[in-house]
Every structure is written in structure tokens, then in C-alpha cells.
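Worksheet for the structure shown next.
So that you can tell them apart, the chains are marked A, B and C in the order they are listed, and the count of residues begins at 1 in each.
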Amino acid sequence: MAQTWGNFLFSLLDYKTEKFVIAKNKKVGVLFRLFQLGVIGYLIGWVFLWKKGYQETEEVIQSSVITKLKGVDFTNSSQSGLQLWGAEDYVIPPQGDRVFFIVTNYVVTPNQKLGYCPEVRDRLLFYFVIPNTNYTGRCINDTGTCEIHAWCPVEHGQTPSEPMLAKAENFTIYVKNFIKFPKFAFSKSNVLPTTNSTYLKMCRYDKDHHPYCPIFLVGDVINWTGYSFQDLATKGGSIGVGIEWNCDLDKDESQCNPEYSFTRLDSVKNSQNSAISGYNFRFARYYNDVAGQTYRNLFKVYGIRFDILVNGKAGRFSIIPTVISIGSGLALMGAGVFVCDMILLYMMSKSSFYRETKFEAVTKRQSADHLAGRALQC
Amino acid sequence: MAQTWGNFLFSLLDYKTEKFVIAKNKKVGVLFRLFQLGVIGYLIGWVFLWKKGYQETEEVIQSSVITKLKGVDFTNSSQSGLQLWGAEDYVIPPQGDRVFFIVTNYVVTPNQKLGYCPEVRDRLLFYFVIPNTNYTGRCINDTGTCEIHAWCPVEHGQTPSEPMLAKAENFTIYVKNFIKFPKFAFSKSNVLPTTNSTYLKMCRYDKDHHPYCPIFLVGDVINWTGYSFQDLATKGGSIGVGIEWNCDLDKDESQCNPEYSFTRLDSVKNSQNSAISGYNFRFARYYNDVAGQTYRNLFKVYGIRFDILVNGKAGRFSIIPTVISIGSGLALMGAGVFVCDMILLYMMSKSSFYRETKFEAVTKRQSADHLAGRALQC
Amino acid sequence: MAQTWGNFLFSLLDYKTEKFVIAKNKKVGVLFRLFQLGVIGYLIGWVFLWKKGYQETEEVIQSSVITKLKGVDFTNSSQSGLQLWGAEDYVIPPQGDRVFFIVTNYVVTPNQKLGYCPEVRDRLLFYFVIPNTNYTGRCINDTGTCEIHAWCPVEHGQTPSEPMLAKAENFTIYVKNFIKFPKFAFSKSNVLPTTNSTYLKMCRYDKDHHPYCPIFLVGDVINWTGYSFQDLATKGGSIGVGIEWNCDLDKDESQCNPEYSFTRLDSVKNSQNSAISGYNFRFARYYNDVAGQTYRNLFKVYGIRFDILVNGKAGRFSIIPTVISIGSGLALMGAGVFVCDMILLYMMSKSSFYRETKFEAVTKRQSADHLAGRALQC
């Protein structure tokens, strides 16, 4: 028994190789070779060289964005007089987040007090009229509207037709983006370590000449979206600044650099729907007068909302995707074998002949072997 | 030599096909056919039709969200008198971000000045008592507490038991969501291009009747999470509004539409832990009096924090996943062959017979061929 | 005809097994068995046990973060006198977002009014000087600088060399993180359901002793990044708090717990570039004096920006990745067969002998069979 097992285990070390039948059929032969070449070409050319199928990829990127704006502008309006706008005023919120808003136009309604005053009607603008939840029931003859209980005087609906902060076009945006691919424990910043401080003070991003300068001119960014500052500044708008990190971690770290792109987000092409474009909101500054009564300045600000959208992909050689890529290619070759066999066995003039050779009935061959053995004896 | 190579290359164009032994064993035959049908069914049904295994997918979505609230409410309290709350007041921050907070309840401590006053103790609420870093060391008999150096008077800890802004239930939230799948360069907005402005002014989201209306009633959103406005409004809460983009880019763009879902985030089911539910924070409005001294109104606001959570998946036909899906299925068939072979060769009554036929020892066959050759001669 | 088809379909149920040639070559046999063992080891050890290749994974995580800070500090400066900083003042924005900023140092320029005053020059700091867009053209002898139209007096550029809010080191950060893996409909909070309220009031996060306590001491967090509070507090800095959810959903839900990590984001190692470290911004509080004229207090705040970065991966058994993993491994075995065949057929001394046995020319065998048939007859 032990010997039998020994023999069996020993026989496991014999190499067994499949037996092939050579069908001297050049048509199917050429077809199969072409198919093999196709699979090999697909594997090497498309999967490995073009799609980097030997790499494990990570498409989730951890990103932290800090922004800082620079520039000042003066405005002069009949309501609020001369005003100086610094970054602490026109950037909302001021702390430099990934998403920020720059005031380019505004309507200020100064010295509002809580009280009773006539409603202002406006049929053109959607969000303008204060929703009618606080009517007193009285009608004001002068304006032909109802009296409401509200912050008075009520905001009038006329947006300046020109952006009040015309110099906003020249404001600069400094974007610091720190990214990390957690799977590969790889991190980098868009302010490249090779960049020196002097360059950072002077440079302006430009796709061709300064692709790694992290300082952007507001006007340039708008132009690169295909719109002009005038288009967006009056009624506001929303701009996406894409930062794309496409990193091949098999190469040197210095090859992994950000690429910037610029899109207008609030205007879907081919859409006639004006309700989805523009950007504005209101905020109020509250004061107390000497008597302790609260009054406020209401600002309706129009402007440009910037949304820094970071995305990325990193790839690094890994054995599993390599095996899957190669293995699936090889398995596909098996499909080629199946097709060629079908053609050979059922679509050729000599098909029945090939079939007989390829498939050996157990009984028949066995007897043939026995006969061969007998022939040996004879 | 050249001729030898020529012959070799020419012979490469011969088609070689594997030789099969037909084992006339219906049991294993049926088993193998069933396994083949299973694999084919799995490939076509599960992998291709159900899981769309022929598609390359992208699960990373670039998203930009803008929100806008509408509605007003009046509050009346003994501390602060009559107050009118517009979106500029109850939405924090007011600029319309992806994450925003609506005030539904508040405690105001008006006219606080920096000075000395007795501490307020509260054993029930966690975050209430000002941490004891600024004790003066004196004890106030009237209150039985220590004197502290703080903004006086100190905030009392009694939250109104009913939400002060009861009309917040009727506020509307307008959500603009712009998404992009960077891999496929596909972008879309939840405000569909087919939506007209009039519809946008009137509609309210409803899963059944207005699934693509981007305007939500606060009260509805809360109800859809399985809670009531009263549950959340008094002590605050946190709600996640999911927007899911599940796009098959092999179909028409118009088939790629957002689906909304609503979850309460601050209350984990089956948890008795009240410390993790509720939502509030404090902010202050600073004033200077005539003498130039600073005083402030401290607001402790309770309310509902909305977090718009966008996720999505896009798929489009691609050759690599198709090859991997098919290839791995075919390779699996190889595993079926192995199993069936094992059964045939070791678990059947005629196994030894099949083994002899399947495996041809080189020496034996070779001699048999020679014998056959000899038989030819004889 | 019907019978022919019947026979054909019936013959489909015959099991066909490949015919193998046993090459009694132990060298290639051992090589092939070693390769097989390698593939099986790779499949079981690496793909299945280590990489969990039988799981479908989701790397996109939906996350909602709420933060809350606690602690107070007093500051005393010649400009602004005694000031008390509560969370409502030093946390910007105050509503408890994923990204927040703690003031640790500041320069206040009180009682600025719009007017004319001499410029302040500073050659050392990048962002200090107000950009020269509003010169009046006059020169002030006393300071040797030009007159500008600005908020006067202009901010001087001296940052306190010690952090004004030295107690910020002891502030606590309470982080609530709710996550969801949409593909698996799995959600969890970092405030574990088993945590009781008392523990939540007392605990401080510590990797070894309190790994699931969601309350962090500011000073600890900074130390864990490898820097000290003094390093960051004076000029500001940016810290990333990573929350990693690595969940094997085949195990119990209680095994899926967050892991925290801490990194300084504004200081790339090995970089001499000081322009990218530090963090500050300005904001203003506006007041009206009795005459109705606006004045403001300008704060330039330095501090620590915390960015809670959530990432995660969830895996659950799924048939498709299992099939792909197994299938690609099996297909790889096919590659091993190819290599061993090549060695056997072209690199062994008896190669030509093996080739003759492995490949059976159709014509030759067919005739041999006929001969065998004839031999039977003779």
C-alpha cells in the first residue's frame, strides 16, 4: 500500500502535456495566429502600455485646500457712500476655504429698522419679493402695494447694471492644495518644493509658461472658462477650478504634478434656463443706535463663487492586476481556440475527417491499442 | 538551414487542435454540461445583464453644490423682543454652501459686558457651564456659586421647550448640484435642462410626482427621515440629504438623473446615547456703546444642519472589463474540467480504464506507433 | 434527419476529456508542480488571505463631520485691552464644520476709519503691504512713505512673537463623524453606540488607552504631528486629522472602527520654502459711531486650521471578484503549461521525440488507425 502511494506521488512528478492534433489547414491556422497576435497586441499595446493594466490604481484622493485673495477696490454709491473693499470684506467666508465667494456687485439697503412699510413688487426676479407671510392687511396708496411688517425700508430690486467692484478682475487667488493617496501613502502639494519664495510672489498661472504657479488672476480664470468678467460680475456666477493629479508612482515623484482646468458651473450649455445661472445672497450687519434699538445694513451681494474641485488617480505596479490582465488575455485565447475548433470541425470540407481525429472514442482507441499490442505479439 | 527555418515558420501556420478522448459517460457529461450552462448563465445573466460587467465604472464624482433658502419668521421673546428672521439671519453661513444650518430655536443673552458675575451651574447639560478657568475665588451668597470673570450676565441654561421659529417647517431649500465624472468627461446638473423657470418657481420635490424638482420643503425633508419637525427643532439635529447619480452612459444622457434620499445623521438607531444627538452652537454680535466700551449679544442657536451628500457611479462599455469578465468565466470553466476529470478518473467504476486512455505514456505510444509502422510493413 | 439531430444532441452529453501525453521527465515535472504550488500559494495566501480578493470593495465613503470646541482664554494687549475668547470667538466659522480654524495669535487694529494716512512698508512679510492701488500721490515726511486712501490707521506688521492665546493648547475638539458606504448600505458613527455619556464627558483621545474617544486635546493633536504648539501657534499652521474606516463587512459591525492620524499639512518636509507654511487671515467687525460714521476693528488672526479628512474602504464577499481572482490564477497556470511545454519540446535532449508524440499529424495518425484496422484483419 505504502509502495502504491509512493508510486502515485512519484508519478505526480511526471510532466503531463496535452496531446495535439496537427490539422494541416492553413486557413484556420492563419486565422488562429492572427487571433493570437491580436490578443498579444491588445495585451501589450492597450492593456499594458496604454491603460497601464499592471498597476493597482487609487482614485480616491484626500485633499486639503487653502485659498488666499489679494487686491482692493473702491466703490461709490449713493446709498452707502465711498467704500473700500479689502479681502476681509469681499471674500466670504474670509478664512480661505476650498469654496469661496468674491463680491463683484452689490445692493446695500442701509439703516433698516423693524417696522411697517409698503411692499415692493417685482415680477422679473424670482427671489426678490419677501414671501408674503407678514402682511398687515393695509394698503398703501402711494405705491399701490400692501403694507408689511418687515425691516424697513424694504430692499429695492434694482441691481446695478455694471459690476461695482470692477477691479475684482485683477484680484489674485493663491491656492494651496495638499493631497494624499492613502493607499500608497503618497502626499504632495501643488506648491512644488522646488518653487522658491520670490517666484511665488511674482508669478501668475499660465498653462503654457507657468503651469505650476499657484497664483491665479480672477479675470484670467473667468476668461479660461470661455466667458468674460462682464458676463459673470453683474449677476454673479459659479466657477469650478479643477485640480487634477494624475500620478504614475512607478515614475519619479517629480513627474506627479497638478493640472488645472476651469469650468463655469452655473450655466449648462444649450439650456435656455436663466433660473439656474447667476449667484447672489444676502447678509446683514447689525448695529445698535444710542437708544439701544437695533438697525442693520442689508447687503445683497452678487459675485463669483469659486469651487476648487480636486480629483486624481494614482497607479503603482502590483502583482494582482498584472495577473488579472494577463490571465484574462490568456483565457480569451481559449475562446479563440474554441472558435477555430468550431470552424475546423464543422465548417470545413474535411470536417468529419478532423472530427474523427480530434475526438478519440474511448472504446475504439482502447481496442486499437489492444490490437496494436496483439500486432506486437504476432 | 534557411530551408529548415522556412519549414518551421510554415509549420507554425498549421492549426494545432487538442486531442480529446470521448468518454461515453453520461453522468460526468451531464454534470459538465450543467456546469457549463451555470457558468454561461452566470456570465450572461449576473455579470453582463445585472452587474454590467462589460462596463468600466467610475465611482469618484466631482460635485459642486449651491443652496438657497427662502422664508421668513417672527419671534418674540422677553429678552430680545420682536425679531424678524430672514434667510440672511437663520441660514448660517449665509452664502449657500453644501453644508448649512437653519436656526429653529435660540437663547439670546443680550448686552453682555466683560466683568465679574456669579457662575451658573447646570448639571443636566454637558456643554453648558463655562469651563472653570477664570474663577476669581469669591463666593456669591445669592446664587450659591462662585464668582467668575466673564461676559456678564452669564447665559442661563434654559432652552425654550418649543421651537421659536415654528414656521421654519415651511422654509424652502433650493439645491443646485453640478456633477462631473472626470474619467468620462460627463457633466450634468440636477436642475435638468428641460425644466422651465415657471416650474422651478412653483414645484416642491416629491418622490412620486416631482422627482426632479430641486426645491424641498424643510418639514417634508424632516418627515422623510422618519422624524417630525418637533423632534428636531427644539434641540437641533443633523440631516443628510443624499443625491445619488447612477448613470449608465451607454444609454442616453437623459436617463442619468439624480435620486434623493434623506437620513437623520445625529441619531444612531438602537443607541441610548443622547450625547450624540442634537445640534447647537453659539455666536456673538459685537457692538460698541457711546463710551466706546464693547458689549455683545450672545446667541446660542439650535437648529437643523443639512449636509448635502452627493455620490454616484457611472459606467460605460470598455474592452478591458469585458475581456476580464469573459476571460475569468472561461478560466472558471477550466476549473469545471478539472473537477469533472477528477470524478471521471478517480471516482467511476471504469476509472482506471479512462485513465489509461486519457494519459498516454510517451514510450508506450511511441512503440505502438512503431509497431503500427511495422504492421504496415508486414 | 430527426434521428441525426437526436444523435448529435445525445452525443453532446458524452464527456470529452483532453488527451494527455505523460512525458516521464522529472525535471519539467518538478518545475511544473513548483509553478502550480506557486500559483496556488499566491492565490490562497496573497490574493485571498492577505488582499481579500474574494471581496467587492468600495473606496468611496460618504461622510458628514460635526465639530465642537470647548475652552476659554483671556488676552491682554495694549491695543484692545483685556479680551475674553470663548469658542464663539476663536472658532471660525463658529458652526462646527469639517474644516475649522482656531485663533491662537492676532493683531488687532482698532477704530479704523476710511481716510488718508501714510503707508506702512514691510519688506519681510509677503502679504502685508496693502497693494498700491490707492495712492494719493503725496509723500509723508515723518514716515518716509507715500500717503494712501485706506482704513486708517493702517495695520502695523508686527505679529506678537508669542501666541496670545497660550491656553489654546488645552482646548478640546469634539469630532462627530457619520459615515456611509452607499454600495453596501452600511453606516456608522465614530461615537460608538457602546460609548456612554459619562465617558464622553471625561475621556481624551489616546491611541493606546482611548482609541475610540472622539475628544481631542489641541496640544496633543499638534504633538502627534511631530511639531509643538509653539511651532504652530505664533505664525499659524494647518493640520490634517485623518479618520480612516477600514471595514471588513464579512466580520461583525463592531469590528469596523475608525483610526485617527495626524499630519501637518502646510509644511512639506525637505522644503526650504517658508512661503507655504503658516496660516492667517483678516476679518473686520464694523461699528457705527453716534454720528453714523462707520469704523471697524480689523483683526489679523493667526491660528491652526484643522481639516478633518475622512477616508475609508469597505469590502464584502462577492462572487464576481472571487471568480476573477480564481479565474486569472487558473489562466496563469495555462501560462505555466506553455512555458513547461516550450522547455520540454525545444530545450531537452529528447525534445524531438516528445514533439513527435505530442503533435499527431492528422494524415499520419489517420493512416496509422487504418493500418491498425488492417492489422486487425490480417
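Methods note: a residue touches a chain if its C-beta (ideal position, glycine included) is under 8 Å from a C-beta of that chain, and two chains touch if they have at least 3 such contacts.
As the structure is a prediction and not an experimental result, all values here were calculated from the model.
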Proportion of interface numbers common to chain B and chain C (over half same, under half different): different
Superposition of chain A upon chain B: rotation angle, C-alpha, nearest 5 degrees: 120
Whole-Å gap separating chain B and chain C, where each centre is the average of the chain's CA atoms: 16
Touching two or more other chains - residue numbers and ranges from chain B: 16, 18-24, 59-60, 93, 287, 290, 324, 327-328, 330-331, 334, 354, 357, 359-360, 372, 375
Chain A residues within the chain B interface of the complex: 16, 18-26, 28-33, 42, 46-47, 51, 53, 59-60, 92-93, 99, 101, 114, 126-127, 130-131, 133-134, 149-151, 238, 240, 242, 244, 263, 265-266, 268, 270-271, 273-276, 279, 281-284, 286-288, 290, 298, 305, 307, 309, 311, 324-325, 327-332, 334-335, 337, 340-341, 344, 354, 357-363, 365-366, 369, 372-373, 375-376
Parts of chain A lying in touch with chain C, wherever the complex brings them together: 12-24, 58-60, 62-64, 66, 68, 70-74, 82-84, 86-89, 93-98, 167, 176, 178, 180, 182, 187-189, 191, 193, 195-197, 200-201, 285, 287, 290, 319-320, 323-324, 326-328, 330-331, 334, 353-354, 356-357, 359-360, 368, 371-372, 374-375
